[in-house]
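Here the chain labels run A, B, C and D in written order, and each chain numbers its own residues starting at 1.
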């Protein structure tokens, strides 16, 4: 299991990196943390002709905040997110999800940008970004554009990025007052890809009515999806145990399109979806009650 | 043995640890020889196909490639591997030996079967060149499912045979049909056990080096059987046994498949090294390991148990299919283990057991930790559980009623074991073991609390199962014990170590006999230059058989020491004592000689060695038990099942076991913990999933799930010691025990937790997906 | 390509192919065979090293990526005088290794873990350990060894 | 793996039939197919390149055969692909019937996958299969619409 040969570039600046990606087009792969790409290369499933290693582009590694947003450079490592106080304060859902992302020795290398651009439907962060309504800055030699998470994930490992484009920055709106977050997933073993997972971000109004109920789902379709039924049924209401259960069950019927694999049938995944959506919502709303 | 042991039965830490903890221990893949070449194999992508052509020209032309060989290039060397274990002399046994070639010719019979070998300056280039080899395969319908394999008109793995039956064996005891007529209850079910991988963390590796000047071949090999490899390779290559040295240095876990001998790679690499006159290394990668290393566990049972209404077993009938894979070089060891282990610790007078071994287009099957024993335990323990339910008898109570009493040993079952000896239990005392396990898990209390927990929505269940395990079989092992002039005691034996602690347990046995510190006994093992008689590490036999040989050799050296000291000190032997690496005169400890002094005096530079004596303080001894010893035990588990997600949380795991005299309880516990973890893997996680084309769908550690530290609970152990009368120290094996009853224990506990009479677990492994389906079906009624 | 890297305090410079895995570089080019390779897809953890002090899988990094970085392997855990580290010593005392093949990765992972979490709970230990596969020990003695080597009070 | 379903084309059955028998259309519509040359009656050979997530530009030799034709309502399409990362063999039984909004296609297909993609890609196989099926059908529908718009719908 040794990778095929490739040409290797390790630029120091974003401009250099974008030039290289432009020059090599489809032949080039950006190397972020490499925790998915290099195993695929070792299996020789991936045989890119050119690797553009982003690990020396320091400008892509940053965590910053202003009053309304949290800004994350694409090469920020999972480990940094996990330990960052800014992340914990501004986007507690990210912190809640981090322990579920593989293992420490993977998180020390893996990056948020790599995970999002890879768009694995079983990954935690894409679903979290949907729940948080994050937006992504894509740069290329000809400029940059901002794409909301909801328009970024197009299918299995497929995103709105064009060849030559690079995900450079992630913007997450700061958590609202009276908001709560909860993450849960079912996996065969600790650290494995989830059989199903749910990331909830909820906001209540001063009147105790739910204003926002966004649940991002993973491993339940060919891409991360939002539980639209949950929002439709709960927003504007005072959620009860009953209504949460109904919303979760409804969402598990219409919002997802799970596939079967050797670990879980589509039927079983649907069951897990109903349970997990319910559990994260219960936890989130419960913590609001206690707050 | 003296009643008070100093080193035996002590929790001694290991002699081998320092090297392993600092990265200095040498494993095969660590071997680097100047000018060494690297090998990679071209393997079949199809489970069953005719080989149309193999074109190696482009691969040969690649820069850095030294040679490429396919079957046609091997000439006369292309002969089948030997049959390692001929079937035991059971009446009317049918057995067809079909063994593999070094490289496939005409036909491939499993995904991963090697077709060609590429030799290059680096493994990277060798893997590049593997992709240059053009292989044209014409796919045939594959044989995957065991029952379909035996249907009329099924495609045949070996076309010269009439069917895919590799063997048929019938063993009976008493008269089951007659017993059945007397029964108040017959429980009958179909049981499945699926394939798993041994999954040692170290993959296999071989380095072969031909020394042209000395005409000597050295093979470093991750084998559990270095001596038979040496003998077999010498014969095959036309060399003297003394011209071949096989070294199995530190081996990173065996678990069975590294006892399989003459793997295709093992046959080819040395041949290539001689031909090229350069050292060649091949290290199996993890993906290859899922095809190229042998596997185990696929069986389908149709079984029934006949009982009285009091729950006494009248008899058992079990007919089963055993998946032997594409070839059967290891004979019938596994299914005979299944057949024999099914009887368990119970008094079963009537038994009708028959099996068919089935060729399939899947990798070769040879023993993996447990080696078929878990299947027998699963079938009999499940049948007992189902019977208990039907009869309204408590699960523990039905077991109590059927255990063999302590007065029943030795107990001859009247059928044949895998070692070609009758199945005789040497010793045992089963009831106290069961009662202790029941007490430790708090069985009665848990039963009482279950209803309350259920009312709180908690599904907690408990399982208690028994097993016996045939261990420590022959034919023999040997050991040489030498006191060096430095006073260091050297022990050489043929059984290699894969982590069991041979450097320590053999040292303990010898230290006990010679009165030296354990750290002062240096064990050399796994190198045919050091010791060249023996078979290998398998069937939980290392400690019992090689340990007994060490004991015998040490006793002989002890005799030599006392004799020489007696002469030198002019004190009768019975007036001497061995203590702290010294011989002392009883009553006047200041008078004495160190072992170092004695070793020097035993090998003088002048003078004469008297007739009838030998120089040095050294002895070689062999030990060959007539038959194996029988270990036993009880596992008790407590689980909680989340009925919504079907996920199982293992709350507690209790093991009470009896492996005879323990050399080192610390190491015994380690063996049990590892075995239980393997058993947890088998019960819940580990399944090699083949599709209907014989393609393995989880050939990586991403999808083949080994249990991790969060999947294995703390394991509570207790020991019972019923010494074996079959060897001088009273040893029984323990290496495999932990994984044998776990599937049965969990099946019982999960069923108990769900508590729906329609919910039955009849197969292993039980993934959450399977449990979800079973729960859904049971709810529907 | 040129790579300059410091391993266990020793500076090395080598000329290598870009595709060379860091694990193969350490084992083959530098002869530091204590780092073991078990899967080459980042799951088993045997090849775990400390990369600038943090645990990382050397089988899914390229050696060229280590240029200018500090690496510590199992060979660098004991003191220069050969004394075992407290964690290594605890592994020995608690019989936390059998075949020893996974041990180097266990030690590097847990060395970093104990630095960050000096007094861990058993669950924290098990979660940290779950990144590394061991087929021999059932993990129990490893957990005990970590407790002994940590500042967690013994049970 | 089984992939069954229905798809409604926005055009008359004869046009859909003609479209599906046209190798140039198939070459454009089967995901990743770069060329497709006739190798016999209703038989084509070509090259296909597939990139899905970690699989980059995997090249396959592809053979397509159309059999069991009952014009204009039924045929079987077999697609064999072999490459370094593995092989697939797909057989789709296709039935066409007129419906109000155009032509409904029912497809019932089995796909066998071997080699590396089967061995380590099982988690994605069904999704990849479904995605490629969807891409092919949508592309065919676009082709159909373009044809109809260009007034070349007559058969």
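Everything below uses one rule, namely that a residue touches a chain if its C-beta (ideal position, glycine included) is under 8 Å from a C-beta of that chain, and two chains touch if they have at least 3 such contacts.
The model shown is predicted, which means the values in this text are computed figures rather than measured ones.
By number of C-beta pairs in contact, chains B-C lead all other pairings. Centroids built from CA atoms put chain D at 49 Å from chain C.
In this assembly, the C-alpha centroid of chain B lies 29 Å from the C-alpha centroid of chain C. Residue positions of chain B with contacts to 2 or more other chains are 123-124, 131, 285-287, 689, 697-698, 700, 702-703, 708, 710-711. Listed for chain C are residues 17, 19, 24, 40-41, 127, 130-131, each touching two or more other chains. Counting partner chains per residue, chain D shows two or more touched chains at residues 84, 116, 120, 122-123.
Contacting chain pairs in the structure are A-B, A-C, A-D, B-C, B-D.
Of all residues in chain B, those touching chain C in their complex are 13-14, 16-18, 20-27, 29-30, 32, 123-124, 199-203, 250-255, 283, 285-286, 498-501, 666-667, 669-670, 672-678, 700-702, 706, 708-712, 714-715, 738. Contact residues on chain A toward chain B in their complex (touch as defined above): 1-5, 43-44, 186, 188-193, 195, 262-265, 267-268, 271-272, 275. Those residues of chain A whose C-beta lies close enough to touch chain C in the complex are 1-8, 10, 34-35, 38-39, 42-43, 51, 53, 55, 79, 99, 102-106, 108-109, 189-191. By the touch rule above, chain D contacts chain B in their complex via residues 84, 86-87, 112-116, 118-120, 122-123. Of all the residues in chain C, the ones that touch chain B in their complex are 17, 19-20, 24, 27-28, 31-41, 43-44, 46, 73-75, 77-78, 84, 88, 91-93, 95, 97-104, 107, 125-127, 129-143.
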